[in-house]
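Each of the next two complexes has chain A plus one other chain: chain B in the first, chain C in the second.
Our next item is the complex of A and B:
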């Protein structure tokens, strides 16, 4: 399967497929190398504003017709901007797939970027940014990521309000010209479709797309190093991060499953120790966040101010204790959970389309779900513990948000 | 299909199925008539605390083994408490379905409700409640619902902190005895399974479950009638509600599609007028919330304080304008969206299991997805407009949350 359904155009765009008759729907995920790490200095938020403007008319359609036509095709769509890429994804019934792709070819190649809608687009971006200010948990984790990774890798895509306020239509046009093109573009499609038809459509829609310049200025912006953000509330939010290894690393599954023992199921250590036994919080989790060249585990706990210190201490000691290794029965439970979730993931065209595109970005190939299952099967407590012994959770970044600072555990500053 | 896969036990419990070979997974949704409208006076939060305690050991398994065994079966589970019911749902691979159901039979019939875990369970409930206080958008919509519906129908399931603090293990035991039983219990199952096997399993697991007393004290608690909640932030949150008709009403699809024209897609009126054209907010939506005997449309907009008045005015006038009717092309786009989403819903065992149980609760029968599709096909602008002419959006409940009160539109007080 892997090599059969890969079609790379001369201009660089890669088309990936996972056709299946088990569905009536089809989903796609189009990654364009237009993430916020390419926001120039003083223009933080440009990638987001550009993405927001892309759907406001393209090709022969004005804003209204573009949206109407996508809706007439029954497309459930979403757009997001990450550090490296903008992601345009959608799902619809099988018969509407190619017509939908043809509209998306207009969107990413021939957007109008209408000047008279710039103020509305900017206002939406600023509203989104300010909405985060009202969501302290999200705000904390955003700031933790910014402090943990070297810039630009931890940037939030929302940008900065002062920068957003100054962006012009010419800036958006320039960003579009620099970043939107077939170089590094990846289009993953899963569900009910004919592979040959989709290849022909991709040739026609994207074959003559001109390669963009290899223009990628990356401007470092040094983040604040504060370990506490004061916030007037009776809740405290706690974030801890430590370095890990990315998806492409040979030991990735060891690192990932160690985090699975820490967090994920109800018997996971954090859930059990922090929530179930002590009732310290309603939400506590850790997750392995992976970029192509770097990765980290981000851990969150939200609690009342009076129990915040205990929550931080217990959470931190569970992270440290992970370095001592996992038990065979913890791994057995984890494997059962993963096996089940892989099967359910296979039953979602959107999940599969997203995986295809991500796999290609991270690995330069498709990783079939059977390979993932085999890698999970092959995990042993020994292999995980060997990884943990060599890479115990340490070098933590800690950030808290709430009415008052907490005492940081030993070894964190 | 509808009548073939319905199996009612003598004690009242109804088993509903939608078997399909297209899946490798199976999902279930078990509704028990144990929602928060049964919280006695001064015990707001009892249904939630009881639900929280249910998984802390049952049958032969203590808390730890119960959770381990569910995870070993690969069950992705969730529990929630609504106004009328507690919902225990899960999904797993086909082969694990019946073993998982047998654990759930222990959970709802033979929970340990261990006294030594009461404090931890209570702490989790209080943490959840206080978490809402830090999420102003959620807080607003919770309070709007409470003000719009007559008590107990708008109650938040989280309860009240003072009440939660006083609940005892005996209260939980009493609630369990009163409310957990086969009367009004509904178990919907969708995905890959053998109907006859599941019927036999249900007979064995639930056949001798004793009918609970028909004990349902409903205590009215009068909510505050304030129209503004002061909150120190630069954001304002706006909520508007108006009465609608429930799922079981013959004109439900007319009411529902009118709300679909208002909100849902990018070309919907609220998204277009409030977000796209004016950039007033990042999030704006309206949705038809239906209980069995009553329903309402709840509308939310979150914005900056300085644009809050304009947002309220524009949103309110869009709601009022809906009373003038919808256009044929708006309906055409909506139908395409619905058609596509019905197909995608059919590809999720969890979504289908949830629908089966809800259909039975609302209608006393299964409504096959083909019937929904036919009802949507039959909608015309005329039928929707006849409904809207007779039932224009009016009698609004308005609630705002932010730094200062807004001027309410004419006709709202």
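Our next item is the complex of A and C:
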């Protein structure tokens, strides 16, 4: 069935659909290969600034008309820039879907990138960067990711203030020309819509979009090696990362469910050992972050300074203990949670549209929910433990942020 | 879509929006208690009790509660506000009975002393966590600056000192008075088996006692004072403005919602175009919050410290311009279109409907279908918006700020 809802244009753009008349809405997620890993040396933040400029007028609408028209169509929208892609997503009532898509075609194909608004766009990006400084937990995890992955894969999309200050309108125009195009573009749509109508609209809106060059030099930035960031905060913020396997890997579900045992639901190991039994934290979690070619588990705990060492030690020992394997009962609970998540995800058009686009990026195909359910059913404690025995969490990247550094357990860099 | 309700002999009400086409269901206990019902020596007890509710019952240990919820794949949590404490779970329809069994059981927690002391530590961590995230803390403080000793100004989380001083006996008494059968109700939405729900509530909650609980709702008097808390660690300056506004029971709340959408929505509003789009601020938005007998217009601004005075002057001018010159019909139309689309989008999932059904019952003991809210938004006139603005002028407010600045004067 899923193959019925894939439509690839000659220029490369892939349209994916999941129509369902159970909704009054439809949602879309448009991925463009314009992420921050394409920021050239000395221009960290260019992908973000470009994305910010995209909505400041496009086609025959100026900045105000563009936003007003989207709002009159009832589009709840968001734009974000990741390492690999810029994501333009939105949801609206069904009747507004195609008019909304036609505005988005203008945005990604015919943006004005007005020079007289460059300073405003730059100021927005710099404000965002400054905001992160006041959120120590977010700052820590951003810096941990930067230290754990080889550059450019751990870059924060916000960029650097000094680089942002130097970017010009010509830089933005150049980035747009190089990166915005149908090559590797993915448009996933879920909800109440007519597939054939949407295919026709996509042909009309994107069919003559010229393919951008297949050229993406990556400039590596020097890694940071420090393991502590001094910060005058009430809590100490602790981050630990260890390598894992990406979504497309055959054993991904084993790796993912092992992390679920660690940190999925309130009966999971981290929540019960660190928070419930010892009262060390309010927030503690681990999650598997996957890119197409690499993945890692990122773990966070925030606690007052005097209990930070114990929190780090207990959290670290739970991560190491995971290497000894999981119990059948833990897996049974996890499967119940996954099953209900899969079904509840079908109640959200935005969640489904995002999944369609991501699946295509990672796998080059749509992965039906039934297939995910079958893979989850097939998981056993033995299959997970075989994965863990071969890939025990034992080498970690650790970063702490707070009033004082902590003593790192062995095996941590 | 069908609304059903039932009342047990002890006063406990059960309300549900039953949608046979849904894949899942949301279920919750809504308790009519929060920080506004606390005396100063009990500050933070509603929120602390919310944590303790998960710590076990005569039938279940804390581990059992977490484990059993996870075994049925429930997405569950709880939150405490100024006037309600809500416990909820989203589950597949076949687990309705199992979810209710756990939820009803934990409404009668053991409140063991050892758990009490352990959980205090977690709450202290929660307080410390918020203190690291400006402007948290100042939002509570601003309610006190604006509304003085009105109970709505009580802090939900309390302070480290007030929470540390609480005793298990105080909590037992508070629980007895506030978690009584006539001070909470059960709400459900999605694929609900209502007859089974009522039958099981009768069995599990039928013996709970009523307490005829009281809540005082004195009139509010807004005091337009300013308080600035210097914090050299902050990078940005955070400024919050607050004044009273239409309350939950006031039909003008829809006009208030449209007013804040035109004025201070996070996209496409006057504040957006003047302050956010231009990059003058990191963020600036205005929202309307409704409570029993009192409402709030709450403005949040984050910006670079040196631009603060100029930004606040611009913001004040926007408020005055709206009061003097009103809004254009196309702005009003755009706000209506936006709010209506949000109502539709925000109500597709059973778990969202649960909060809508529960919230309407909590505030007004009424059921409102999605279409009722859409019609209410459609029928608001610009005159009604201007009446709200005349009665609750945005240009008069109390101010609280936290950040590098010692004063907000330019």
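Following the convention adopted for this analysis, the second predicted complex is superposed on the first by the 413 of 413 C-alpha atoms of A that agree within 3 Å, B and C clash if a C-alpha of one lies under 4 Å from a C-alpha of the other, contacts with A are read in each partner's own complex, and residues count from 1 in each chain.
Everything below uses one rule, namely that contacts are C-beta pairs under 8 Å (C-beta built on N, C-alpha and C of every residue); 3 or more make two chains touch, one makes a residue touch a chain.
Source: prediction; values computed, not measured.
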Partner chain(s) touched by A:365 [first = chain B, second = chain C, both, neither]: neither
Touched partner set for A:92, first chain B, second chain C, both or neither: both
First (chain B), second (chain C), both or neither touched by A:67: both
Which superposed partner A:166 touches (first chain B, second chain C, both, neither): neither
Contacts of A:110 with chain B and chain C, given as first, second, both or neither: neither
Chain B and chain C contact sites that coincide on chain A, given as residue numbers: 22-25, 63-64, 67-68, 71-77, 91-93, 96, 119-124, 126-128, 130-131, 133-137, 232-235, 265-267, 272, 275-276, 278-283, 302-304, 332-334, 336-337, 339-341, 343-344, 346-349
Chain A residues touching chain C - in the complex, by the definition given at the top: 22-25, 63-64, 67-68, 71-77, 91-93, 96, 119-124, 126-128, 130-131, 133-137, 231-235, 265-268, 271-272, 275-276, 278-283, 302-304, 332-334, 336-341, 343-344, 346-349
Complex interface listing, chain B residues touching chain A: 22-25, 55-56, 63-64, 67-68, 70-77, 91-93, 96, 117, 119-124, 126-128, 130-131, 133-137, 232-235, 265-267, 272, 275-283, 302-304, 329, 332-334, 336-337, 339-341, 343-344, 346-349
Chain C residues touching chain A - in the complex, by the definition given at the top: 21-24, 54, 62-63, 66-67, 69-75, 90-92, 118-126, 128-129, 131-134, 233-236, 267-268, 273, 276-283, 302-304, 330, 333-334, 337-338, 340-342, 344-345, 348-351
